[in-house]
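These are the structures in question, set out in turn.
Each of the two complexes below includes subunit A, the first together with subunit B, the second together with subunit C.
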Partner chain A sequence: MKFNLKYGSRPFKAIVITIILFISIIFSLFLGPVKIPLPVVARIFFSQIPLVGNFAHWGFTGVEYDIVVLVREPVILGAVIVGAALAMGGSSVQSVFRNPITEPYIIGISSGATLGAVFALSTQVMWFGAYTLQVLAFSFSIVVMVVIYSISFRSGRVPPMYFLLSGIAISLFLSAIVGLMLFSNKRLESEAFAWLLGSLSGVTWAEDAVVFTIVLISGIVLTSFSKDMDALQMGEHHAQSIGVNVERAKLISLLVTTLGVSAAVSISGLIGFVGLLMPHVSRMLFGGSNRIVIPTSAVLGAIFLLLANDIARDSLSYTEIPVGIITGLVGVPFFMYLLRRISRGGYVT
Partner chain B sequence: MKTIKIITTVVVVAIVIVAGALVYEHFSGHSTNNSQNSLTPVTSIALVNNGSTTMINLSKANSFVYAKSANNGVFTIHGSLSRIVSLIPSVTVTLYALGSYQKDVKGVDQFSTYPNPSNYDIPVLTIGESSLPIEAIVNLTPDAIMTTTGYFTTQEINKVVNVLNIPYFVFNPETVAQIENTNTILGELTDTAHNATIINAWMEKNIDEMSNLTKNITNESSIFYDLGHGSSGIYTAGNGTFINEMFQIDHIKNIINATGYPEVSRELVYKGNPGFVLIDEYVNQSRFLKDFPNLTAVKDKNYTTVLNDSFIDEPTFRTIYAMFWIGSVVYPSHINMTDITAFNNFTHFDLSPAPHVGIYG
Partner chain C sequence: MSLELENVNFRRGSFSLKNIDIKVNEHTVLGIGGQNGSGKTTLVRVMYGFLHRDSGTIRLDGKVLEDYSIIDRARKISVVNQEISEPFNFTVEDVVSLSGYSSEEERDIDDALDLCGIGYLRNRSFSEISGGEKRLVIIAAAVYQNSKFVIMDEPTAFLDIDKELRVMKIIRSLKNAGKTVILVMHDINLLYNLCDDVVFIKNGSIVASGSTEDTMTVENLLKTFDVKFKIYDNGTPFKFIPDDEMDYAKIKELS
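After this line comes the complex of A and B, so read on.
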């Protein structure tokens, strides 16, 4: 493969957004309600690197170390992972359904995860210790997606329209159950509300480790199926005519998407617009091939959520705004702009 | 068949990944410093001081603590707590009365306005709807966070307890006895147990006094407390709450028979036909009057708005003030605010604002 690193080329742009991601990560480390001087943050950061750490383990207090290493870093990494998972999920779902205004939540992930989270809150079960809510949110969203898929399965195939409509119907049904659970236990409203708005503030290294593994596997599998998804984007008949096993490709893409997005949602709650917008930004920058769109939208999603989370963390002193509110505030105007571009034929979806 | 195989494979892979990760975390303790990764409420505290151990039972105050270092259901504290972050006004007020505020409290939430934290250079942490200001808390290096149930997300609490190793106390007294036990427990935890004994004795003395004042009331009045308007009715205080117990001591019958803080329908309020209506300070009085124009209490103007609900809604020793105030507005010919035993004996505590000032704002 020959790389063209000329200004404006795809590899050039890919390198630029990757650099922006790293700069955003470093920038985010310095932000927070507790003001820690830049050199101190830098020393703490380097103190964690094997060997280098031996020369940078001085000049900071235990409290500063805890704030940077145990509070900020897992949240930053969480934002990167969740942003990447949502954006990759959006690319996959938009390709499979040939619909530019879908996002991963449309396939039942959000309603399933919400049901799992609210179930954990209302029953107070501790089957998986402190991570019960996350594990149940993850498991329920996978089960719901499988149920929707099974309901839509007709004569050996799953028509996309059936799947979308079944997804909407099941989601509404589950929302009613969630509403009933919240109604019967008003004390849950505030925690459930926080979960629905999406927040990364409580994310730990342990959660990052689990979700990172799942999202990484999901990303690798999705990218390996990019050719099939490109074909699906042109229509099922076209895909079939060039030898793609359409149903198998759809099933694997949707299941792998569900795995990655469910894992992400389980630690962050529902964060909107990342999965809807970032694949479009990626297509505007890099064209329509999923081989490029999936990894680059992951990077763009990570940058977007990271910066949104920075605003959420730093816009008010001492407290955080749920990041879902920020992505919504930023996302809607951007979405309107995209709609205009799409309606004018500004780029190929 | 192929489809089922694929679905099964993916689901199994997902389960294996999660289970594997959880097992790894549990046994390696790699990223959480051997944390137990669980949020198990602990109700027994062993307070070790000068070689002697005092056992404290938090369940007496309907309370518990999440603590990473708890062993076999017992959380051990050496000495006393001296760096407390109080995120609930009732605990803040009690610590102040105990004389622990200035020496032990290192941060409070924005709702803990009494005493005024700026007078004591105590940082105010802004808590959101359910957002714990973790970074600001860590910066205060607390040895305990004190709050109540239903405030913050499990995920945030887990991070504070298991990752940052800060004990997280949850106080939820629901009866007058549990309020007194909370005073005692907070006193023991902050080495101010003697003051707790004095406050509890004062509470008991006034409860007895109120019982004496109301024992001859033959025509018992009924009451409804409007705590706020929800989506399907009105929130109020029912059975099993200290507010209801306060009504009982006052010899006033609560028209609501449900338990806890239920949202009751308007029909139920009409059916109960209360003799007196108490309206919370954050409820629009005109809205209540608009909703219930034909209620006898409204027609007879037997209603009033509480101008400082912290006396009534927060489970603290200040419940005594509220008890006398409610008694005096419902039975003005039997009970007077001056009937309350003076606080002269407690001049070493600042219990201001005076009860009437507090309640009337």
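After this line comes the complex of A and C, so read on.
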């Protein structure tokens, strides 16, 4: 591919969204009950970056540094990681199933993670110390995905429609179990409710570090399978005839997506719309090839969730709204607007 | 260099392919004809390994088909499928260059687009172009794949006459370039004009096979299609015309 930095070219647009991401991060670090001036926030942010930091290490107090770095940054970084993971997962799942209205949750991630979280809340087990809920949410969703995959396996292959339908059926079944657990234990309702609506408050650096590593690996593997996923969009016959090992491509894409998205969901709860909408925004801006869609939808997902989380944190002074509510409220009109504005070029047929 | 099917059997549900023996010779065009539902598409899917046969042997260049990895198979055989999917927001260039998946070197897609006469579509959105243009794009993708065997399942379906002629030209130039083409087609006269050898199948079994000259007889066509044909040997490409009297007789019989 020729590298063309002209206004409106793909590399130009990719650079623009990356700059918007950095501006959004600094802006989000600025928001909060303690007012710290924006230039100070920016200096604190850059002071942590190797080499660049030497030039920015002045003009702030230890308290300001602690508020930005220890209180705000983990949450903001969490939003970036979770937003990126959901959007990449959406790109991958939509390609594998050739279905524009799927999102990563459909392969059992949401129902599995919810079951794990509610199980942890209701039994109050402490198998993994302070991170029991996260570990159980993560591992349950992987187990559920593997179960759905296994029952969809028919004479050597997994038909996508069969997988989707099994996924929906198993998810409904698990939702019923979760409903039963909540029904029999009223105390759980508010805690579980918060989890189901998604929230990033209280995310720690330690959680960020683990989830970041998993999401990064998942993103790298997905990007390396981008051609396979492009081919799957052309139909399985076509994909196989051009040399793609269709079943291997589906298995790896879905497994890696599950790893990344489950890790993200384990610290955020269920945040909707990012995984559904951001891949489409990316395709409208950059075309349909996954080599570009996966990394750029990650950046767009990060920006979107970051800003939605800003609204969730700061719109009401006395409480924080679950961010999942904001992504729904903001995301849907935003998407409808984009669909109308950018439907030139045959994206919508 | 050949593709050989020996006593291949395949069954799914109530449909089966029975005792299929076919030898596809190098640098030739083999036509497969038959009624709707006779098993032509199933046969080619078994041929390139998308569907797994229950018994029999398929040899590609002397080696059993399953001994090739999927990617090596794609280096030998490219396929133009009947159905065309709608990917999200791909350009024509995206669709065609995807078929370089099995290729080790980067090649330009221009030659393939030019052969198919669709160079002007290169940067258009694949979902925006017409159905006939889409089919030419898929054919260009198969050409770009640059494999020795090219299987085309109904490449002229839904095409206007101009594009049909273009497809004929593509098939001839593939043959001239040393490729071997396997063609599933309904149009008897196109089969006659394009193919060196033909195979006629009915209800999953071969009714007749051999060189086009020897095999495309009124008797074999009647056996295959249940329609009586007349031969008009007037030097035009339209040699076989359904016999009107026979059709009237059939209609009378039905009514």
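Here, the second predicted complex is superposed on the first by the 301 of 349 C-alpha atoms of A that agree within 3 Å, B and C clash if a C-alpha of one lies under 4 Å from a C-alpha of the other, contacts with A are read in each partner's own complex, and residues count from 1 in each chain.
Basically, a contact is a pair of C-beta atoms (placed from the backbone, for glycine too) under 8 Å apart; a residue touches a chain by one contact, two chains touch by 3 or more.
What you are looking at is a predicted structure, and each value in this text was computed from that prediction instead of being measured.
With subunit A as the common reference for superposition, the partners subunit B and subunit C occupy compatible, non-clashing space. With both structures placed on the common chain, the touch criterion links A:126 to subunit B but leaves subunit C unconnected.
Touched residues of subunit A were counted for both subunit B and subunit C, and B has more of them. Of the two partner chains, neither subunit B nor subunit C is touched by A:15.
Residue contacts after overlaying the shared chain place A:23 against neither subunit B nor subunit C. Legend: residue contacts after superposition of the two complexes on their common chain; A:267 is shown touching subunit B, with no touch to subunit C.
By the document's definition of touching, of the two partners only subunit C reaches A:233; subunit B does not.
With both structures placed on the common chain, the touch criterion links A:289 to subunit C but leaves subunit B unconnected.
Once chain A of one complex is fitted onto chain A of the other, the partner contacts of A:191 are limited to subunit B, with no touch recorded for subunit C.
Following the chain A superposition, subunit B and subunit C show a smallest Cα-Cα distance of 14 angstrom. Interface residues of subunit A facing subunit C in the complex, by the touch rule stated above, are 94-95, 98, 100, 156, 227, 230-231, 233-235, 237-238, 240-246, 280, 283-284, 287-289, 345-347, 349. The touching residues of subunit B, counted against subunit A in their complex, run 2-3, 6-7, 10-11, 13-15, 17-18, 21-22, 25, 31-32, 36-40, 124-136, 138-139, 141, 149-159, 162-164, 230, 232, 261, 263.
In the complex of the two chains, the subunit C residues touching subunit A come out as 45, 48-50, 52, 69-71, 73-75, 77-79, 81, 83-91, 94-95, 98-99, 101-102, 124-125, 127-128, 138, 141, 145.
For subunit A in complex with subunit B, the touching residues are 32-34, 63, 66-67, 70-72, 120-121, 126, 128-135, 138-139, 142, 146, 149, 153, 183, 186-188, 190-191, 193-195, 199, 201-206, 209-210, 213-214, 217, 247-248, 251-252, 255-256, 259, 267, 316-322.
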